[in-house]
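Next, two complexes with chain A in common: one pairs it with chain B, the other with chain C.
And now, the complex of A and B:
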């Protein structure tokens, strides 16, 4: 009798473990996407971090869209079409964001050239 | 005195950054995206009383415009704007649709009993996902939509007298 109960408990334990890993895998995709999205009504929080009504709705929508077979890019594109590029943390390169992308590179090269000039060219 | 090119360059960069900071001090901080898709998909939304799903296009008959107002009984600014919604609803030839947002049905019914019902149709957005199709941030928000489901006007926050006059002009 005890053996039977033990076997049943063991079975339940493994079933629970398997179902938990499936749920976790599903949620991790929602988490992954929501970490790349800005909560538009919060101060400096991602959709993943926030518990605002807006963020909770977006998380539910991501989950629904994943269940419906939408890809990660489909979800980003859908949200960008509704809220603009601001909703994603990494804006795509276009004529509006070109300065944003190139400025750090430009400053890095300029700074590097200044250092090279200071260290090597001025010595000679 | 020979001014080095690098100094001029550093000065110009610093001035440019300071100019951006200075300019942004006086700008409106509320974010409204400019590059958005103003067309809403023909989605299905649950009808408040019957629980049946309705397609958005089904709600438009011969009307040139419909108004969709997102509201909730727990939302205080929704109470403020309710009077303006009732005033607008007196205009004929358009449909006013209320989208009840993340609300308990009994509370929403009490809210309408208490303040009056300006809506021709009431829909329910139980988990807030339908509002995302409108590009809404929360409650209250009001959208004027044409027969092709394009957003013509969008009001974030409670409506006021100025908005009421503007909407009346557009609908008449």
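And now, the complex of A and C:
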């Protein structure tokens, strides 16, 4: 029983590793990158959605960098070094964000173990 | 004059609160009828709060600018509809609405639960009064909606134009009905714990309140989402924005509770868990209010920030949590859980709760982690859509499969697992269709196939189950609706297309398969704004669509809003949004094709209708 559930959990982890990205075929790389960037002078808008001066200049910068042959990661890293991690919507995994990514998964495992223990084992 | 009436009725309501707290402690031991004084005081309190709310409403209608809240949020040129909705479109008014709903709910509780244990009813009133007292103190001392300005100004400052919208006008009241409904769940659970009344009778009463809150919360979230869709003009309907997340958290909790109460009702099992869920739901609703009102969250929705108010709510919240914890640990007996079998409806519901708690955990961690991280380490990070999508979507796959199988299992132990021929055919069919859909897009085929087939399988099973008379109608309707919702959301994100270009009047441009033409622009003065209507033609495969998106220039306060032009059909929305580019005569034109939008809204409504059917059945 426990083995089965353990296998199930492993499987779930596997799914999680294949990251989610429903990128549309005809959307440009600039759009794709700017959707993952926060417009720093707006409230809760992405660079892609905004038409503020800041957003427009970031979009221009992205297309210039892409033309110059920089990769997606180069651009993110450049922007992060300039404006801080705050600008990217997808937090990278480092010592500050490890818990952010792992906490929900721990919760899931813990919940699963609790259910198995309370409802299926140790029972008359 | 109006201010005085409003103010005094609030103060009188506060006095009534104290009387009620006193009366409920004094009469706790009585086992005859509900004390007459309590019934009268509760009715009186509701009437007083009602009067104060109506006074504020009236001040907004007649534009009484001697009232600070009216002055700050209204204007004489504003249409009547938005003057009325302006009442709750601001911090003070929205809290008064919370309070009104709180007191109305407890009145309904008193009159609708005559058959239940008397001491339980009195204690519920006691706990509810604690909440009401907290809100009254909060309103009177930090957010009084009846503050005078002397001398009286002749004109108001106006309502944030982005909030002048029909969907947003009714969104807060509906959402609050959901939030506040959870207060009764909270009070009733605490009371049931103390009275050791956590039995089937209590569970079936709790279920009604859970359903009521759940229906309103579902509709409230949907209305907010519709508003974001056409008013913010980004073509999206869910942004994983903190304020949206905050409304989603109690929803997960309520959905778990909804399923869990059935186990308690039918099997007298999972008592402690039901209580924990019931208490957390309200605490999450309150924390939501705290996070939104305090301005801690960086969000497009934050329109009223005030840290001092935040501290009050924080203290209030801490008190509520402490009370809940104390009572829970003092009165909750260690429960003897009855044995469960893996293949039973009970286990299916436990698994539902497990996933709901996981989803809740993801949203909770994603929303508040950045706040704590910044306080502790000064590191500022953003947690946006990629985080939530990566953590939630993979778990949807097993969740949907279990949701398809779960309802048909028997309560205690499923005798045999009837793997009927049709079910397997449906599974194969779902996988095939999904594979075909996924293959034609350059996404990860395996992943998309699994996700879509899980959703399709749930849909097929729910459809075939509609005839099954053993199952409850409410469950069938809601599960079908949920499957349509998920399928629509997935297909929407897969098939959406968009192009964006900057054009001058008369210009046109070909972008991939679409020809965008900026034909014309016209100017018009309407009530409280200037309207700039552009005429945009979109030509795709000899198919010409004309759009009239609009820019609204509001004078008070000076703001530009962009109104999307949307052509809706059952299977696809076409929309054009224009944006003004500063210091140029160019417009940024964005054309989007969004499949299945209407189905998303319709299925959300259907979900709520399922709840309504369940509610009707429970009242019989």
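Just so we're on the same page, the second predicted complex is superposed on the first by the 94 of 124 C-alpha atoms of A that agree within 3 Å, B and C clash if a C-alpha of one lies under 4 Å from a C-alpha of the other, contacts with A are read in each partner's own complex, and residues count from 1 in each chain.
What we mean here is this: a residue touches a chain if its C-beta (ideal position, glycine included) is under 8 Å from a C-beta of that chain, and two chains touch if they have at least 3 such contacts.
Note that the structure is a prediction, hence the values are computed from the model and not measured.
When the two structures are aligned on the shared chain, A:45 is found in touch with chain C, with no touch to chain B.
Of the two partner chains, chain B is the only one that A:64 touches; chain C does not reach it. Contact comparison for chain A: of chain B and chain C, C touches the greater number of residues. In the superposed model, A:104 lies in contact with chain C only, and not with chain B. Within the superposed three-chain model, A:93 lies out of touch with both chain B and chain C [touch as defined at top]. When the two structures are aligned on the shared chain, A:36 is found in touch with chain C, with no touch to chain B.
When the two structures are aligned on the shared chain, A:85 is found in touch with chain B and with chain C. When the two structures are aligned on the shared chain, A:54 is found in touch with chain B, with no touch to chain C. Residue contacts after overlaying the shared chain place A:119 against chain C, while chain B stays out of touching range. Within chain A, the residues touching chain B in one complex and chain C in the other are 53, 84-86, 96, 107.
Against chain C, the residues of chain A that register as touching in their complex are 1, 8, 12, 15-16, 18-27, 31, 36, 38, 42-46, 49, 51, 53, 84-91, 96-97, 99-101, 103-105, 107-108, 111-112, 115, 118-120, 123-124. By the touch rule above, chain B contacts chain A in their complex via residues 6, 9, 13, 31, 33-37, 102, 127-129, 131-135, 137-138. Across the interface of their complex, chain A is touched by residues 232, 234, 239, 241-242, 298-302, 337, 339-340, 342, 347, 350-351, 354, 357-358, 361-362, 365-366, 369, 373, 377, 379-387, 389-391, 393-395, 397-398, 441-444, 446-448, 450, 493-494, 496-498, 500, 512, 579-582, 588 of chain C.
Within the complex formed with chain B, the residues of chain A that make contact are 40-41, 53-54, 56-58, 60-61, 64, 79, 81-86, 96, 107, 110, 114, 117.
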